[in-house]
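The first chain written gets the first letter, and so on, giving A, B, C, D and E; residue counts start at 1 in each chain.
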């Protein structure tokens, strides 16, 4: 009778985990893979609760910033040894971002399953209509602001820009690259550059270049407004490509995020997650074999599931080749959030600070100082 | 305040509860409304109060058409048959509620409540809730609620039915006094003959949603227009026996084997089937003179002051009331006398009285 | 079934509603329970039914101690003063419910319900819900609920108070027949003198939670043990006037200016303050012989058959009942006669009767 | 004679005891235990990963100090108060108005009343989503209707303006609570004997006065139950915050229950979350006490 | 005439109130672009309706069945456990009753999301997680029971006591009088409370999500969350799904309203 591997993921039918499971079962008739869907925000809770009762899966998806947390609490198997013995997984082949997310204190607890990052989508038709050159999307923050300002057309309910500053991890995800470009990071969130980055966002909202609802909209809904023609540009990721090509009835294009000043450092966010084996998994060996199998199929994730490959592999005949090139470039500078076992406690003050400043409850500097104080407390512990 | 009802009708779904009621109650009158259970008395009161939508007809109070006026614009006080006490208010609050709504000040309310409570013997219960009262106490609170006000119109729906005799006599006097003092117009539903006869200026007899007869109390007693009214007014009810006018036309023979011949106070067509009515209290024992017939004692009951003798007369049952004890054995024969002027005669078919046109019999001074 | 109450007490919170009731109702007896409103009649019935927890004392039915038995093990049928009809059942269902609980089959239930409904004049209303009935109709349904059963014990709490006179007379007969037919034991609360006197084998007079006197109906009428019972039994109530035994000891003078002298049927200490009682129906007009005094007509009421004359005698009020009309004007002087044997005498202090020991006066045959 | 054991459960005090115990035992096992566990956790150092083992260090009231000294604590308390007070009051008033309206006899009253159940059927996630769309600043239908009817021509950014975000959630919550209030009040209204209104009318009471002195006191049992349950439900409302504002912008619409959830399940600080829950229990104790006291003045049949 | 005016007003009020419900249907018929369009379209311009795809593609029959099992189980359990308690608390008075009432109300105090963790631990120890739907029923019953008791108590308090006394005299035990007289007369409150409990349990989310791991036993509201991914939220799908979920229940309640809600006015007790 076939051995059953329990595989928890956040995917929906037809996405990564299901596709991989089908492929793996086809290749290994003696194995059955039972995929269970877990809500994205619940994954850590469920894994922790499962660890408590012992009903853990054999393989699970874990979001990048959560690996450190779970690993530090002993919930994840140390894969260092198995990877060393394995022929297909080479940690060095991963981009620095994904690689950083997978290891804690030099030990590897996770294998990246793919990656995504942020870039700037823009509506080339609107660029033309407003006399902007669609072949030269904005390169710096100033150009970016100017373009957004030009593109904003309240009479037609069009904002120049859409992005997300929601009170959730998405807000941190979108904000950190701008801080990093200005010379700051999550652990130095109140540097002058970071304050400037936040003030730049403030300006976008204050001047109604981006909708005030940016504060409550996730990336998906923000991009929806872009697709509907209510925003001329949107900061978002490759996961939107299928929907955009279906819904956006205009010439849309992708560009790298603008940098603060010409020649300044680039930065982008690292998204997507990893596959892990929980500590109490019943079939760790078989589980690792499947992880290895999945890793081997990294070149197909772009076309099959809309992920960027997390490692430097050749993607043969990529869909949306132009977009692929931009995102692959962006990924080079994508930085992992953390890693820190207390990432959520770092991320929360950042979200709050961003929102407090954008709604002018405090000024940018004070907001970020407050956040920094809270982050310091967490990091010192 | 005069109350005038014109062609009033009331339907409950398909049930026709009031069938064209015409009634005029002059201002200041005290009207008793009597009739068998279910004939529509409460319904009539409720339409006057404005609690039931009227299906047809008009209602005027003091000349004004109030058919569509809400109850509270009619200035009517009513004692409900079901009491309808406010369960969440004490006795005092129940009684003072109407006054409170009239914005009387606290001391006035307390004073008037106190007075009414004293009248009703409720002083000790003012702080109780209705659920802590006996049946009669509840009824008194219901009454108290009406009498603390001084409304234009009083409507009483059997307000004394649960009170003992002494209290009832007392309340009769109080109610009538109140009525006179306020010069109010009162409509009073009762099943108590004594109440109807002694309190009211005018009695209305209802039957199945219609007014059967109305008039001064003693007129109804003396000259009931129909067998129904004759049987309804007076207690025990009038003895009504089928008979046939004999060939002379001056007497009638009771139906049944060897029915006795009763002389009639008037001339009727011979052979006409009639109903002969004799009130129990108009029957006498073996008296010389006057009309007379034989009966057999069937049953005897005494209330102490009054004795009810049930008789068999030519196989028909009759009741006789005597104002004293009687020492007879069941089965004893008895000779019964009566004054022919007390005989009521009704058409067998229409049941209408055949003697209503005659004058009131000269009854007074017959002691 | 015999019902025996021994030292029964009932408290409602701090209110002492029944203060040690001792009562033995022999099997098959029909007992009337009378007393002023609020004296504890309903409470007593409810304790017999098992609806109130008894604070002290024991209750036996048919010799068995049932003090702590639930109502259903007592086989008691009760008519509630408040009716307590099931609002979600039709008239027929209300009446048949107890039978259904006894697992009678459907046709039996229907038959018995039908019979009871016919007795009560409810045939046309069997399909109605209680809220669609008039007050008297509801009361009849409440009664129907009790009489469809054949229980050991019947408890009636003012079951006829909302019925018209004719129906009431009819129901009196029916209830008494039912009682006899089932050989049941019945306890019957009523405010109606006639009901108590004519239906009951035994009358219990209650006052403020105690039994004041009990006995055969006419005994209570003839020999009330106290001023209270004297005033309570009989309607209109007995005239009770303060007086003082005169020096002869054979007569008493009514208090007040020029109070007349009434001869006494017995010898009392001279100068003793007493209360003199005379029933309105024992007073006569200007009759030669017997005792006699003068009064002035104050007010006259007539029910048709009976006339109530209110008199002023030596500035005290008296009522006289006459079994006929009277043609006098207010203010007329009147000479009043009475039979000294009808005089009741009570101690002014204790209000106890001073004549209860004497034999029943030979009243019969005084016609 | 005493009742037999069997009989006491049919006729005596035993029946009351039995009926009460059914509920009581169940609630002690499945209701009280988790509450005590929560209280325990608020006194310990716990996070997501130490939930299962009981040998956790006790920290006394450190968690309370920690939670209460956080910068957002005061704000959250204030928001919770506003949210609960406003929601409960409006639900009650609107629910009462609707119950009174549909109490009248007109064709379709029953069907319409049934339709009001819709809000109770819809999953919380969907309700949150719908209101989010409807109150959206740029493309929400509410703003669009306000603009079309010239009530408020400029757009209101309901959820992203800190001045309105709490009210946006409150509006949605009021919508959600109306059927509950309306239905239970309808039940209470139907149980009031008609003749009391009739008596009051004759006593001269107008509609307002009748409502005040008959309807309200007669509904005491229902109102007590309703208000206390409404307060508790409102204190547990979670979906709308999750669906509409996530407590933002920057806590301007954060309330105790959402904050407690955020701490417990977003930052895995179970101790902090439990602490807030225990503080909320204290509020409910007050509500429950008021409710129990109010039942003393009820009319019991 | 006035009655029809009232009907018209009633329709107006109901319409306004149900607008969010309409918006759900409208959104279900719109594509993603139309959903965010401004000004919003009151009537979907390019309606498309993928009921079948959502219904079968998302395993709705099995989800709905599981929701039904949970809801029926909870409602039955709550009625069995709670009705008697509500009755006693509505009838008796005194310090004990106050204490009980207080206790019962307090059991309602914690949101599901907080009690689920201790219950999860306890149920795991007791082995109840092996029968996850039963576990959810037990947990949700604890949540709904206080609510039900408090609501029904108010209805029982309104039943006149003398009716029960009449039943005792007619030959009922107290237990039987409770069943045959008190319960029918308090039925409006019981029915409404039971309906609310049923609907609440049908839509239960937190317990089902945590305790049921087998997708074949999962309930409908949890199935709904499948439309929300880490980077996607398929509003069109969510609305379609919930339209499918809401519509039949709504139809049932409108059809049954004669018995459920309209019975309210008919049942005046006194």
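In the analysis below, contacts are C-beta pairs under 8 Å (C-beta built on N, C-alpha and C of every residue); 3 or more make two chains touch, one makes a residue touch a chain.
Chain identities (UniProt): B, C = Sn-glycerol-3-phosphate ABC transporter ATP-binding protein UgpC; D = Sugar ABC transporter permease; E = Carbohydrate ABC transporter permease.
The structure presented is a predicted model; accordingly, all values stated were derived computationally and were not measured.
Asker: Given the touch definition stated above, what is the smallest step count connecting subunit A to subunit C?
Answerer: Each step joins two touching chains, and the minimum needed here is 2.
Asker: Please state which pair of chains has more C-beta contact pairs than any other pair.
Answerer: D-E
Asker: Between subunit C and subunit E, what's the gap in Å when you average each chain's C-alpha atoms?
Answerer: Computed from C-alpha means, the inter-chain centre distance equals 58 Å.
Asker: Provide the C-alpha centroid distance between subunit B and subunit D, rounded to the nearest whole angstrom.
Answerer: Distance between chain centres, rounded to whole Å: 58 Å.
Asker: Give, as an integer number of Å, the spacing between the C-alpha centres of subunit B and subunit A.
Answerer: Taking the mean C-alpha position of each chain, the two centres sit 94 Å apart.
Asker: Please set out, as single numbers or ranges, the residues of subunit A touching at least two other chains.
Answerer: Each of 42, 49, 52-53, 157, 225, 230 in subunit A touches at least two other chains.
Asker: Which residue numbers or ranges of subunit B touch two or more of the other chains?
Answerer: 82
Asker: Counting only residues that touch at least two other chains, what does the list for subunit D look like?
Answerer: Residue numbers touching two or more other chains: 10-12, 51-52, 138-139, 193, 195, 265, 299.
Asker: Under the stated contact criterion, what part of subunit A meets subunit D in this complex?
Answerer: Going by the criterion above, the answer is residues 41-42, 44-45, 48-49, 51-53, 69, 73, 75, 157, 159, 166-168, 211-216, 225, 230, 344-345, 348, 351-356, 358-359, 361, 370.
Asker: Enumerate the contact residues on subunit C facing subunit E in the complex.
Answerer: 46, 49-51, 70-72, 76-78, 80, 82, 84-88, 97-98, 101-102, 131, 145
Asker: Within the complex, which stretch of subunit E touches subunit C?
Answerer: Result: residues 160, 162-163, 165-174, 176, 181, 184-185, 267-270 of subunit E touch subunit C.
Asker: Which positions of subunit E touch subunit D when the two form their complex?
Answerer: Answer in residue numbers: 3-4, 6-7, 9-11, 13-14, 17-21, 23-24, 27, 35-40, 42, 80-82, 84-85, 87-93, 98, 100-115, 117-119, 121-122, 138-139, 141-142, 145-147, 149-151, 153-155, 157-161, 173-176, 178, 188-189, 192-193, 195-196, 199-200, 202-203, 205, 220-221, 224-225, 228, 235, 238-239, 242, 245-246, 249-250, 253-254, 256-258, 260-262, 264-265, 267-270.
Asker: Which residues of subunit B touch subunit C in their complex?
Answerer: 12, 34-38, 41-43, 81-82, 121, 132-137, 139-140, 157-158, 161-169, 191-194, 197-198, 217-218, 221-222, 231-237, 279, 281-282, 285, 301-306, 308, 321-327, 363-367
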